[in-house]
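First chain written, first letter: the chains are A, B, C and D, and each begins at residue 1.
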Amino acid sequence: MIARVTVYPRREILDPQGKAIRDALARVGFADVLEVRAGKSFEIRLQQEDRELALRELREMCRKLLANTVVEDYAVEILNGDRP
Amino acid sequence: MIARVTVYPRREILDPQGKAIRDALARVGFADVLEVRAGKSFEIRLQQEDRELALRELREMCRKLLANTVVEDYAVEILNGDRP
Amino acid sequence: MASIARGEAEPPVTAELARAQGVTAEELERLHAMLGRDPNYTELGITAALWSEHCSYKSSKVYLKEFPTSGPHVVQGPGENAGVVDVGHGWVAVFKMESHNHPSFIEPYQGAATGVGGILRDVFTMGARPIACLDALRFGEIDAPRMRFLIDGVVRGIGGYGNCVGIPTVGGETGFHSCYNGNILVNAFALGIARRDHIFKARASGAGNPILYAGSRTGRDGIHGATMASESFDAESEAKRPTVQVGDPFTEKVLLEACLEAMRGGAIVAIQDMGAAGLTSSTFEMAGRGGTGMVLDLDRVPLREPGLTPYEMMLSESQERMVVVARRGQEEEVARIFRRWGLEVAAIGEVTATGRAELRWHGERVADLPIQPLTEEAPVYRRPAAPPADLAARQAPPQVPQPADQGGALAALERLLGTPELGSKEWIWHQYDYSVRTGTVVGPGADAAVLRLKGTSSGLALKSDVNPVYCALDPRTGGAQAVAEAMRNLACVGAEPVGLTDCLNFGNPENPEVSWQFREAVRGMAAACRALGVPVVSGNVSFYNETEGRSIHPTPTVAMVGVIPSLDDLPAGHFTGAGDRIVLLGRDRGEHGGSAYLRLLYDVEQGRPPAVDLDAELRLARLLRRLVSRGLVTTAHDLAEGGFAVALAEACFGRGLGAAVDLEGIGLAGADLFSETQARALVACRPEAAERVLREAEEAGVPAADVGAAGGDQLAVKSGGELLRAPVAALREIWATALPRALGL
Amino acid sequence: MKCGVVVFPGSNCDHDVYHVWKHVLQQDATFLWHQDETLKDCDLVVLPGGFAYGDYLRAGALAALSPVMAAVKRHAAAGGLVLGICNGFQVLLEAGLLPGAMRHNASQRFVCRDVWLRVERDDLPYTRKLRSGQLLRMPIAHAEGNYEDSPERLDALEAAGLVAFRYASPAGEIDPAWNPNGAARAIAGICNPAGNVLGLMPHPERCAEEILGNTDGLAIFTAALETLQAGQNRQAQLYRQPGPARRLGRQEERLEALP
């Protein structure tokens, strides 16, 4: 099973990287961009075939290692083999 | 419109960070994890309301800035307001 | 007086609400009397911040007065953002140290990073260009919960920030002790240099002068940081956790350049960073020092997200922000410079002559407070102090096992070198850029770091020191020892001290034992400073370092700065030439109280710490400086934790050059190889200089003995019979890998 | 000879390079602002170390879009000397002036230490005072110095002789234990086919004075200076003529023939 974990800085927290990217995009002509949040994405291949168990395990990974919940939020998706 | 851009190291390129994370996950007990690819995720809020135009613009941003296509692949999705 | 607006959602001020913000009933009463009416919520918040321990020093002030703060080199003592000392050639050094303990425990990366950011701003706020940082770190036992995460995060955070701004981190110290399991210490020091006549102060003056806001926008970050730093940790602080402050070193770097550029122009009257308690402390302190008042128009404060209340704006601790008082009519000149560096600037108010702070928002007056009563005349407490009941037991002379009982001196040495406490800290400092700015002549890994003063022949030396175990056993001796050790480290590179800064980390001052520890430590430091002629020019107090009622060891970190007249004959901290004679300076008295040997090998933390003989320290330091300035020594390294044996081994590690010493003549053997008697150092010299070195020592009144020679690839010690012999490479491996091994890397 | 040091917001080794050119070599030096559109008649342009634009996104990525980079590209195309050090090297990669990309160090940590560099090219305007195979000791200080490219492109880079420096053991061997960041083929520095653009991760400006205990980096600056003085014009004829230039001509084609 293939899953994707996305980790973003928490909404209310300063995201200097996102801000720098937005400013740079504006400088090169993408004036259309209102906001950028810059985070991490992990594509994870698991042995687990059960969707629910996999989700549970992934959330556990986020709490334990992939995300720092003091400053980051995370989201977990199952990709069902079709990667973007 | 809210979009998500995901940038990953290209398949043929080593991903030491992904490997380091897999090893770390294994160390804390997630033996189930076969592979991790570590990439970046950008959540981008655009003024543009037209889906096709937005996608075109986002791909342009990737080529110009968000991804380094020498070593990275990218994917673009429109989130339709429902963030994960 | 017109009425004060009360925000719709804001609660009325009650004694209970005040207490929740750390304001006592008496303090609320005092505020009430000052205003002649009830304060509103915003006013209470501002007062709580200004009267917090962190901003007001209310429990420490009475003792801090005992420090000597003046001297021939002092240009600016405590009271400004940083201390200033003259270092010659028209230059001054501007430096300070500050704690970021609580934020680092919550989020180590950001906590440590913003600690570095804050101290850098304190320095460049004075018009100085920062040229070096030190970090003094205290962690718990590596196996304690979260500790590896904390260590990793703190080290990454310090590097992440300092490296990016481009200020070298040239030294520091790192200790591990179970007393920090629930409350680590992160003390950041920064030093900058400026031309003597180009120092800026944070005194708002000139009614009508505009107040500018420059830098990052204001968000809800760290609201209550100052009051949090004034409380102890408990299970509840998890829930009270404010929005973590995130550092943006890139913005700091451009802010630094913009500020220095703007300060060159003459359009700036005063400038101050927004540190703890953000806009509140910066504006109130500036007006308080200047004896002026101000009007702030909060609608003009640049916000990161809409909807912040006046309370939130005044207490936000968003990073990388400055308040600038410009000369009226020249504000555009200042603003232009900030904008050129890509920074936002806004005029948010003006200086007045009223002595009051008036805050306006949405067409209403939302606060109106007298400034000096809140700042200069904040409450001061002399807290009850009492020595711990078990002091006598703690200080009872310990049993000192001989190494022979446990596999001999070599085994003891190997075990000591293999602890994270005494092992090399290079795993940490290789993550810090210590060579950027090309000023670093001696970086981390030696006794004191040495920076050159470009364009002159001279240099600056810096080092931070404290031994918390000594301080726990006898805070007065421990306080004095920290000052003496820092001076000894400086003397090893030939530096004459010109001033020091400190960061006094203690438990809850409302606990009489802690209050006593504080008083004793300060007195010990003050006595040492006086005797050694080193003024205290800045510093910081961090109280409430305790978890679930358990205090940390008293940890008065000292960072000392010295001047080296010429860098031509700088000795190394390690042996550099085979055949060089090794001379031990100072005499052992077999002191083991609080020693690394007893603590790390036998888990005994008992006894009186080694006595500090300030006269002996002074004689030793003078001798070392003299030896260095005459180019007589190739190596100089002081004796500290682990005593003679550890110092000798360290001196071998730099180049992998061995040493053979015979200690029979001075009668040093057994456990005393590890004794921690103070006022001692190892030097090495060319054989032909040995006699001269011994003579100089005799003239200086410092006991000295030629104990052997450097050379070969073995470390060999005998005293009568052979005490230990081992290949340097093997010992070095144990020492160099100690920390990563303990971290499981 | 005039050296222009580009200042991006976040550059932090700009003063160090300036210091070496101005005070150690006693030459004319000036700062170029990232928004400048000309290079003020500089003979040598240095992109210094630091964290331009905070190194957000990828080191050098945001800086590569600065207005000054168009002028730097013109200068390079005209054969002018362009030296990128550390962050400057990363900017050159992101700007496409040199091939390949930087990734995070294999350790996933910032690393500051001295390394051994093996000189692979002694015929560049920057290396003509060195010998191939010679070892230099130089400081590095970076988080993203792990040079990477596809295997085919790396092969092409090697075949074209564009690797200028490699991390090596003190014995001059290529050894993973002496590679501080995991860089492919131990690559520490590369040049363009014409040899006038050089990027390297180590910091020669941090070891160019006796007082700092190491002068191994000075030769790179003196070589650039002598090259310029010999050429006495910005075309710097010298390094275009002898053997290497001919060899490079062929290899340039090969590099471009890649998919």
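Convention: a residue touches a chain if its C-beta (ideal position, glycine included) is under 8 Å from a C-beta of that chain, and two chains touch if they have at least 3 such contacts.
Predicted, not measured: the structure shown is a model, and the values here were computed from it.
A count of C-beta contacts for the chain pairs A-D and B-D puts B-D on top. With centres taken as mean Cα positions, chain D sits 38 Å from chain C.
Measuring from the averaged C-alpha position of chain B to that of chain D gives a distance of 30 Å. Chain A and chain B have Cα centroids lying 8 Å from one another. Within chain C, the positions touching two or more other chains are listed as 248, 250-251, 342. Within chain B, contacts with two or more other chains are made by residues 64-66.
In chain D, the positions touching at least two other chains are 53-54, 56-57, 62, 65. Looking at which chains touch one another, you get A-B, A-C, A-D, B-D, C-D.
Taken in their complex, chain D has these residues touching chain C: 9-10, 12-13, 15-16, 19-20, 49-51, 53-56, 109-113, 139, 141, 143, 203, 205-206, 209, 211-213. Remark: chain C residues 106-107, 109-110, 216, 219-221, 241, 243-248, 250-251, 304-305, 318-319, 342 touch chain A in the complex.
Across the complex, chain A meets chain D through its residues 16-17, 20-21, 24, 27-28, 38. Those residues of chain C that touch chain D in the complex are listed here as 156, 159-160, 163-166, 248-251, 253-254, 257, 341-342, 429-438, 440-441, 452, 454, 567. Those residues of chain B that touch chain A in the shared complex are 4, 6-8, 18, 21, 24-25, 28, 30, 32-48, 57, 60-61, 64-66, 75, 77, 83-84.
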